[in-house]
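What follows is subunit A paired twice: with subunit B in the first complex and subunit C in the second.
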Partner chain A sequence: MDFSIIINEYQFYLDGLWTTTWLVTLSLLLGLLIAIPVGIFQNSENRLIRFPIWVYMYFFRGSPLLVQLFIIYYGAAQFDWLRESWMWYYFQEAWFCALLAFTLNTGAYTAEIVRGVIATMPEGELEAAKAYGMSKWQTLRRITLPNSLRRALPAYSNEIIFMIHGSAIAGIVTIVDITGAARVVNARYYAPFEAYFAAALLYMCLTFTVIFAFKQWEKRYQIEK
Partner chain B sequence: MQELLNYQGLLLQGAWLTVQVALLSLLLAITLGLLGALAKISNSRILRIIATLYTTIIRGIPDLILMLLIFFGGQMLVNNLSYSINERINEYFTNADSTHEWVSYLPDYIDISPYFAGIMTIGFIFGAYMAETFRGAILSVEKGQIEAAKAYGMSRSKIFFRVTFPQMMRHALPGIGNNWLVLLKTTALVSIIGLQDMVKIAGDAAGSTQQPFTFYMAVAVVFLIFTAISNLFLKHLESKYSIQTR
Partner chain C sequence: MKKLSLLMAVLVLSFNVAAKEWKTIRIGVEGAYPPFSKTEADGTVTGFDIDIANALCAQMQAKCTLVKQDWDGIIPALMARKFDAIIATMDITEARKKKIAFSDKYQHIPARFVALKGTEYQATNAFMKGKKIGVQRATTMDLYISDNFPSAKIKRYGSADEAYLDLKATRLDYVMADSAAISDGLLAKDGGDKFEFVGPKLNDPKWFGDGAGIAIRKQDKDLAKQFNAAIKAIRADGTYQKIQDKYFDFDVYGG
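This part shows the complex of A and B:
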């Protein structure tokens, strides 16, 4: 085994690490923007709102992320109207398709977290808010959301790790993320063990950094109580 | 739509392969998970350390990377190993007898099939998650039950199979169900190491018909159907077990 390859080609892996990081971070942020309204309106009384939300969440939570990525990346080319519109500029880019697939995917999973956390909201706090004469919107903004976000942290840290691991498939659609870097290095030197081992180490570092950071964050909330 | 019908048979074969891979991986994962959980709560420190390393490391690495590592890396590792063992043995014989001719005692080239590598990887990964589920479930079995079994003079393995195992399954069921749903979706990755599963067949069909959206969407729908069936089955199991507890 010859790990000097990895040391020589560290630049590739650094670029890959950067790509993975921004791709995952941006997907998570955009996914959160989708998840909060979707999670809140999932139990809406209006069927016209509830049904599309149900379809969205069921589809993205029930099928593999890989297939979702392929539907967007390869599937978009099937439609002539899409190819002729301005959107094609984005849809022909692998990074855009990956970002879109990851965002929609994490949006659906995070919406489920949001829903669960809102459903288990302590009743007493809501009643107290009502007794103070807060409006529905005020209660949501002042009581429900801050309290829920705090309780959502452990589940959300799991989702982030799931997303970091899931993002490894970006390397398959020509993106040079950590997996992509490993594939390039493997193709150059035919050293699969070394190439993928280095990728595994990098992913492990990313994962444990996130776990550590969230543990610290959760601790801070506990002290504030 | 017509193209989908043309590929119906192949796609169904692929779907069947996906189910096979998923079920066999589940079997391996449950076995490894049980062993891991038993090791985690055992008195032996070495076993505990091994099990903790296993569950921690596996959960830090993406499934795709592990699969590529085992399929491509493992293949190379196995072949290099058997090559160097062959060399050693031959060197030994040549030293003893200079007329000795080079013979490969171990096979020169061992081909790891993607089917095998896929099942091993997925089973290995989910074994780590199952271990956590089972550990919690074993700990939730009442101590008095185990003490009573001990008082009856049951051996340790008898206690496990007669008392602990049937009772822990009740607590482990929701966790196993969740792991199964994630495992099912992970099987899509075996297409990347060349297994002719649904995703791979859809990809080939998409290439020749120029209808990638139709085919990948069909695959997604099949996965949704699998998920729906699993959910129904899991609900049935859970209600069955919860009635017995009362």
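This part shows the complex of A and C:
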């Protein structure tokens, strides 16, 4: 056991921590932007709206994140028209492919959370809103969304944690995230226990930060009761 | 007391027997580095390294099992006793010798850069600044590039095949690998005619060691001796030459 390796190579791990953090944060934010409208419209009565949304959610929840990343990273390179278009400027970068895969994936999962909490809104509150003469849009903005947010928090914190852990596959397409850093260090010193244990600690730090932040957030709502 | 000494005697005896000669050997191979080692459609591994492994085992009259293992974890797996030896074009380097031991070399092939035809190349850090170089993680080439071209964007892959894919997709400017592996794995394949070697053959012992040997655990000195004798024997009786001619039209053993 020789943990001085980790101290000597801390720069790799710091870079990796930074990469994982921004990659996951940006995916989650963009994913949320997709998820809220998608989740709302999933409850729509119009089939033409519901069907494409269903396809999107079914695909991204129905296949492994790793496979989605491979399709985007290696699959995209197969099409000449894509390689000759302006889009290749982005698709040639591993970080863009990872960001796209992660965003679409978390977007689909989060949309399901959004759909669920909206579908299970207490009837009474909606009726009360109607009685006050609120329009559909007003009800959504003033009643449904704030109430749903509160109930979505525990499920969403789980999604964030899954995303942090799921991001470990970014290393497979040459990105040096936390896992990528551990692989490089392991490759150099042949010390898998030390290398991956350090990575595990960093992931745990990230995860506990998220758990702690969400606990505080949930507490704020409890006091209001 | 008598019992104890008897036990000791048995232990010493059995240890001696084990130390004398290896009759069953598990050999770790990679299966993703043609023509040295590749995985066929039916899942079997073939290639130069595999043929050498089989020839050495036949020479030693040992029963060998081949175990496929990704390059990344191949040394840890050896140390964890998942197998007893590695025959996977592994260069004998000082860094590796800290953890494991090697037999004498069984081949020595220089490394080279490959790029799209007409790509310029200069072996300076200033020229390589921002250039995207693909390399297999944890190889001698990886260390060479990391040490000599720190300003380049180094992309590390699990296998050389993945690096070729990204070179073809223009995600990389250069790939570095063993020259024979590039010839077989990229240049001879579909679409390989767009690429060519750039720069000189590289075999500076500081990074690339003294050729590729068979890796074993440090305590298994007897196994190294056994392999050394077998390498000599197959070089002497023409078996080595036969295997070499099957894959290469040049001398892979080196001077």
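Going forward, the second predicted complex is superposed on the first by the 225 of 225 C-alpha atoms of A that agree within 3 Å, B and C clash if a C-alpha of one lies under 4 Å from a C-alpha of the other, contacts with A are read in each partner's own complex, and residues count from 1 in each chain.
Note that in this section a contact is a pair of C-beta atoms (placed from the backbone, for glycine too) under 8 Å apart; a residue touches a chain by one contact, two chains touch by 3 or more.
Fair warning: this is a prediction, and the values are worked out from it, not measured in the lab.
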Does subunit B (first) or subunit C (second) touch A:A199, or do both, or does neither? first
Which holds for A:Y58: it touches subunit B only (first), subunit C only (second), both, or neither? first
Counting only touches as set out at the top, which of subunit B and subunit C does A:T174 meet: first, second, both, neither? second
Go through the superposed model and pick first if A:N186 touches only subunit B, second if only subunit C, both, or neither. both
Using the touch definition from the top, say if A:H165 reaches subunit B (first), subunit C (second), both or neither. first
Looking at subunit A, does subunit C or subunit B touch more of its residues? B
On the A-aligned overlay, A:Q92 touches which partner chain: subunit B = first, subunit C = second, or both, or neither? second
If you stack the two complexes on chain A, which partner ends up touching A:A77: first (subunit B), second (subunit C), both, or neither? both
In the superposed view, which residues of subunit A touch subunit B and also subunit C? 74, 77, 172, 186, 192
Which residues of subunit A touch subunit B in their complex? 58-59, 62-68, 70-71, 74-79, 161, 164-169, 171-172, 179, 182, 186, 191-193, 196-197, 199-200, 203-204, 207-208
Residue ranges of subunit C touching subunit A (in the complex, touch as defined): 72-73, 75-76, 79, 95-96, 99-100, 134, 137-138, 142-143, 155-158, 165-166, 168-171
Where on subunit A does subunit C make contact in their complex? 74, 77, 83, 88, 92, 94, 172, 174, 176, 180, 183-184, 186-188, 190, 192
Looking at the complex, which residues from subunit B come into contact with subunit A? 57, 59-66, 68-69, 72-77, 185-189, 191-192, 199, 203, 206, 210-214, 216-217, 219-220, 223-224, 227-228
